[in-house]
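Reading through the structure tokens given below for one structure.
Chain IDs A, B, C, D, E and F follow the sequence of writing; residue 1 opens each chain.
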Amino acid sequence: MEHSPVTTNPLIIMMINMTVVFIVLVVLMYLIKLIHFIDPTKEKPKPAQVEEEEPLVAVKSEPAPAPAPIIEEGISPEIIAAISAAIAAYGFSGQVKAVHIVNHESTPWRSSAKFNTLRRK
Amino acid sequence: MEALNAFTVSLQAVWNDSGFSSFTVGNGIMILVGLLLLYMAFVKEFEPLLLGPIAFGCILANFPNTGFFGEEMNVMKAINFGITNEIFPPLIFLGIGAMTDFSPLLARPSTLLLGAAAQVGVFVALGGAMIVGFDVHEAAAIGIIGGADGPTSIYLSTKLAPHLLGAIAVAAYSYMSLVPLIQPPIMKMMTTQAEREIVMKELRPVTKFERVVFPIVSTIFISLLLPPIAALLGCLMLGNLFRESGVTDRLSDTAQNALINIVTIFLGLGTGMTMSAEGFLRADTLLIIALGLVAFMGGTAGGLIFGKIMCKMTGGAINPLIGSAGVSAVPMAARVSQLVGMKAKPGNYLLMHAMGPNVAGVIGTAVAAGTMLAMLK
Amino acid sequence: MEALNAFTVSLQAVWNDSGFSSFTVGNGIMILVGLLLLYMAFVKEFEPLLLGPIAFGCILANFPNTGFFGEEMNVMKAINFGITNEIFPPLIFLGIGAMTDFSPLLARPSTLLLGAAAQVGVFVALGGAMIVGFDVHEAAAIGIIGGADGPTSIYLSTKLAPHLLGAIAVAAYSYMSLVPLIQPPIMKMMTTQAEREIVMKELRPVTKFERVVFPIVSTIFISLLLPPIAALLGCLMLGNLFRESGVTDRLSDTAQNALINIVTIFLGLGTGMTMSAEGFLRADTLLIIALGLVAFMGGTAGGLIFGKIMCKMTGGAINPLIGSAGVSAVPMAARVSQLVGMKAKPGNYLLMHAMGPNVAGVIGTAVAAGTMLAMLK
Amino acid sequence: MEHSPVTTNPLIIMMINMTVVFIVLVVLMYLIKLIHFIDPTKEKPKPAQVEEEEPLVAVKSEPAPAPAPIIEEGISPEIIAAISAAIAAYGFSGQVKAVHIVNHESTPWRSSAKFNTLRRK
Amino acid sequence: MEALNAFTVSLQAVWNDSGFSSFTVGNGIMILVGLLLLYMAFVKEFEPLLLGPIAFGCILANFPNTGFFGEEMNVMKAINFGITNEIFPPLIFLGIGAMTDFSPLLARPSTLLLGAAAQVGVFVALGGAMIVGFDVHEAAAIGIIGGADGPTSIYLSTKLAPHLLGAIAVAAYSYMSLVPLIQPPIMKMMTTQAEREIVMKELRPVTKFERVVFPIVSTIFISLLLPPIAALLGCLMLGNLFRESGVTDRLSDTAQNALINIVTIFLGLGTGMTMSAEGFLRADTLLIIALGLVAFMGGTAGGLIFGKIMCKMTGGAINPLIGSAGVSAVPMAARVSQLVGMKAKPGNYLLMHAMGPNVAGVIGTAVAAGTMLAMLK
Amino acid sequence: MEHSPVTTNPLIIMMINMTVVFIVLVVLMYLIKLIHFIDPTKEKPKPAQVEEEEPLVAVKSEPAPAPAPIIEEGISPEIIAAISAAIAAYGFSGQVKAVHIVNHESTPWRSSAKFNTLRRK
């Protein structure tokens, strides 16, 4: 299927291609939203979001008995850790011990460049 | 006397068949290029896993009389077969898929738009390349450097402009390593201090259902729309399925270790071995390197601009700095977003948020490659 | 205007070359089949290591215009080459051999008879398939499903009836996973409570000499008698030698890890990619699935009947429940024997005793395949 | 070597194939017996088999000093463990600590389905 | 009656197509040879990793009617493709390079001369082979046995005398294992007690710079001078670079584990499968084995003589016992040097010093192979 | 490039080949010396070599506070260990704990034949 391009104007070629890329990724975005919408395993949204109440300084308050993390079925520990880290990062919890934010962080593939800024305590 | 005569003749014969007797200035320069690349790979640590074998392959390819490219099969020719028939890049993607966590993208799917916007660099470079005189196939292959995605660049180049493969691969992997130098100035220039200080809301949890269904659905949708990248995207998503299914850890482990390492050695060596003096030592190569930089900067800018737009539209919920991560170069570009964010406001952890556009950029570049292949092939 | 026109024409061109424009109902159904298989593999955990890649390959194969099956070489075509030339199944067997412990069989060689008796399912299905109209080659390939041995099924199918490969592989791996559901009712029906309660005498120790000499002797004897399975059986036994020799642990380790995992990915993907709509969406496929069930049940019954005979002849020293393990499906069927035995009499551990017929079943199925190839090829 | 089958009668084809399979595996059975017979490393049969004396209830009798397992040269520890387990399973010994019955039990290849019924103590 | 008739005819057909009906005395003897090699590999532990697969391949190759060498592709034919096209030896060398530490050689570069001197065995055997009637190509391939380097021997044999591959590989690997028996008497005979008691000065430290630059420089120099071994030597040195660069541990690890193990299985099997009765059961094979022994002894003597010369020239700083390690057979020959040294004077640790000539011998043999290829090919 | 050999005299062929091998390896020897010469990371030679003073019997003198090994940048720990071992072997230091002499020693590739003669203490 060898085509002769419909135009030789670089600008038009750029616009066409860019448009197709955007269309594809926008559709993909809606597909992800659809997956989330139909997800039979997702947690129902909770009425009161407790996390937003604790102040930033409470990060170190380990003596206080922190509630066990709510573990949904089907969510991997990494995700939980990541979420906990996000919460911790903004000062809402004193309970997270160690965090692997994303798996690329720990794969040897990229081991030459390491950031440890997110590892806490 | 016979002995001495035979002796002289034999030494002469060895010399005549040696690489020294056929050595060209071009070979010499290319070996120097290879040494420079080795230096970049091993001392400067520019993507050493790929650039190391590429550099070594470049050196090997420029020894005369080795017979690597002759009629008879040999190990280097077998490796070359895997390059010219696009066998290696999908297998690399199988391993990359097994290493990739799409959760940040699934938690905030709008970051796909940043992964799309960052592809503007690809097309800016495409346009630029056409303007400076490359034909549209070459221009597309050059543009893909801006995608900051090695296997996709190699895949597209072998299909559209195999004679430029070496230069494009080298440019792609070099700039990927230079992301921490290229991006920050652009990021600081294009964003305000207030924007950079934006703290983003934590990501929602992502279920296993989402993580398993996403690679399947995206494979079906994208492969149907853009069949030329079905192999590449299919392998990426199959590797991701191995990772996420929870019951194929054996395959996930092998895909991201033994298999990807073996294929990386072959891909690098084979790519390097396309770097002949005639193909590489041309003004075009400098143009390609220049255009590659334009592409990277364009992609960074594109992602940032769209980040600013999203920032506005969400009433300041999106920090535009994560836009630049849309060029992919996983996870380097996301780390750059984080670093620049932390400099603007200590404690502003953007890494996880930037991983969304970052992995979206991988998909975006594959889609851009598919689009160009669909139009040009 | 030129711009807008070019724009429309280009989008049209992308659409025309996309998979959507050539999409057939058959493709759609096959993708649904692939999704169903993915569900079985990843959610129901039916042999996910094989059925996962098979399912994904089935989906990939049904995207139009990908060029996977065109003139030009590509990664999928290379994988297909390994399928159609029976390169992958022997390599899988190399790893399986390195994982297999033949000691229970060596300690009680009479269990080989159970491994032979369980092959009756293969031939019952062969006969059944001929009766419902398959030709003898197809019937042989269908019958082998009853052997409960994936690589052997794929090997025989590619040789005798490549157009049925997809259906046969799917049936074989599915039923292997269903062994814990299929076998127990038959086992309870065909044995008495007293038989099920039989406690077997412990196995004698097996020396290293026996474990090393057995794979060599069996390779020589079987390969000489049935040359068509020399590659398959030779690789199985070479892998086992790597395991048992005590001085080749490196090779044993790689055979049962990196190598088998890489080949499993390719074998699965390649097998799935043979699943075209024309080949799979036929009444024949339903017949194959039905015949596969007959084969499994026949094999189970055959093993049990012979188990009962051996029980009689040995004065009650053999628990007939170990007979059903002769279908192979290692080690699932042996576990089923154990479970049913424990239900009849708590503490009646049959697992080790059932491992004899279980590994004998692997050899038995290879021999059955060899017999059919010797007669039909 | 493409043959035309000698018969098209499914029943006869079944019988022929089944017979060949049986012949092959029976011969293989005798080969295994032969291997055992000529095995220069095998232990001579002991006159008195002590194991059959202890009753089933003795499984937990750990205080009694159990004899060290007789380890033949050339027998791998797995086999010894397997044998010990067999003995233990039938109540003749109180000495086995941990058992790998067959190697499939522990390979990752089949890790999706795990039985631990044979692991004791 | 039809049934009984069909039954008899079928059994007859199976027998006729079986290996038994076409079995030759030659096959029988070769299978015995294979069994003997298996015994040497697994019981006597003669390089079991290579000799095990070679022996098994030899057995497999001598089953008639398997179709391994027919028109149709199959797994054994695919493996054979990798042998006949010299694809496997360079990949083995990639792993060996990743396992090799050149530091002792870099610390005392004069030991390269010992690695050169030990090649005298190669050329003595070459001359001997020509004298007993082999042509010069065959003689070169036979001589390389004295290099004590399996992959190089296989590489050269496939290029110069493929019909002798089996005998040469078997001889090379067998003698490598016999180094601890072959060398000590020669070492004791050719050195004085005073020489054996020489304690060598400790090696100087070697910098990372040296360890990284050496493989690059030696690849360039040797490949330019001797292009026929560019693939072999390039792979050796690339593997070494993976090891020494410090930033490619992933690749180094895979090269010296998964990749080398997979290729070892294939190289061994494929080499063994070239051992047909016609090729192997000839007086030539006995000559080759005898010449191989001559080569080994010649190499040992050559290394020792040069060691004595160096001892003299350095005023007793070099213990001549390290000369015999120049035959390579890494690290066995170096250990033999150490053992003989310790027997002469307890506490005289020569191992590290002998590693210099030992790894030099690998390079020396590759160079010898390259020289012969340059002159003869 | 198929040549007819210039001579069929085995002795001459032997001499020619041997000469080429020697020439190549001698050049390589000088290249290694050149690499060492231009090595920008190498340590300057020290004026006084302390190590040669301690007697052989001092090997076990652990109580004496041994000096920390001089670690050059760019030298891997294995090399240091090897060097230390060499020193220790000749009795000049009491400080080396464990030594991997060459990597072949520890690779599984050659694991069938193991020497432990160099492992001390």
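Rule of thumb we're sticking to: a residue touches a chain if its C-beta (ideal position, glycine included) is under 8 Å from a C-beta of that chain, and two chains touch if they have at least 3 such contacts.
Every value quoted in this text rests on a predicted model; they were computed, and no experiment measured them.
**Q** Let me check something: if the centre of a chain is the mean of its CA atoms, which chain is farthest from chain B?
**A** Following the centroid criterion, the farthest chain would be D.
**Q** Pick the pair with more C-beta contacts: D-E or C-D?
**A** C-D
**Q** How many Å are there between the centre of chain A and the centre of chain E, using C-alpha atoms for each centre?
**A** 53
**Q** Please compute the C-alpha centroid of chain B, do the same for chain C, then give the distance between them in whole Å.
**A** 39
**Q** What whole-Å value do you get for the distance between chain A and chain B if each is reduced to the mean of its CA atoms?
**A** 23
**Q** Give the residues of chain B touching no fewer than two other chains, as numbers and ranges.
**A** 10, 13-14, 17, 45, 48-49, 65, 225-226, 246-247, 250, 257-258, 371, 375
**Q** Give me the residues of chain A that touch two or more other chains.
**A** 1, 3, 11, 16, 20, 109, 112
**Q** How about chain C: which of its residues touch chain B in the complex?
**A** Interface residues on the chain C side: 10, 13-14, 17-20, 23, 31, 35, 38, 41-42, 45, 48-49, 52-53, 56, 59-60, 63-68, 72-76, 78, 257-258, 261-262, 264-265, 269.
**Q** Which residues of chain E touch chain D in the complex?
**A** 2-3, 5-7, 9-11, 13-14, 17, 65
**Q** What part of chain D is in contact with chain C in the complex they form?
**A** Residues of chain D touching chain C: 1-3, 5, 8, 10-11, 13-14, 16-18, 20-22, 24-33, 35-36, 39-43, 72, 74-76, 78-80, 82-83, 85-87, 89-90, 101-105, 107, 109-110, 112-113, 115, 117-118.
**Q** Could you pull out which chain E residues touch chain F in their complex?
**A** 45, 48-49, 99-101, 103-106, 109-110, 112-113, 115-117, 119-120, 122-124, 126-128, 130-131, 136, 139, 199, 202-203, 205-210, 213-214, 217-218, 221-222, 225-226, 246, 256, 260, 330-332, 335, 338, 342, 347, 349, 351-352, 355, 360, 363-364, 367-368, 371-372, 375-377
**Q** So in the complex, which bits of chain F are touching chain B?
**A** 1, 3, 6-7, 9, 11-12, 15-16, 19-20
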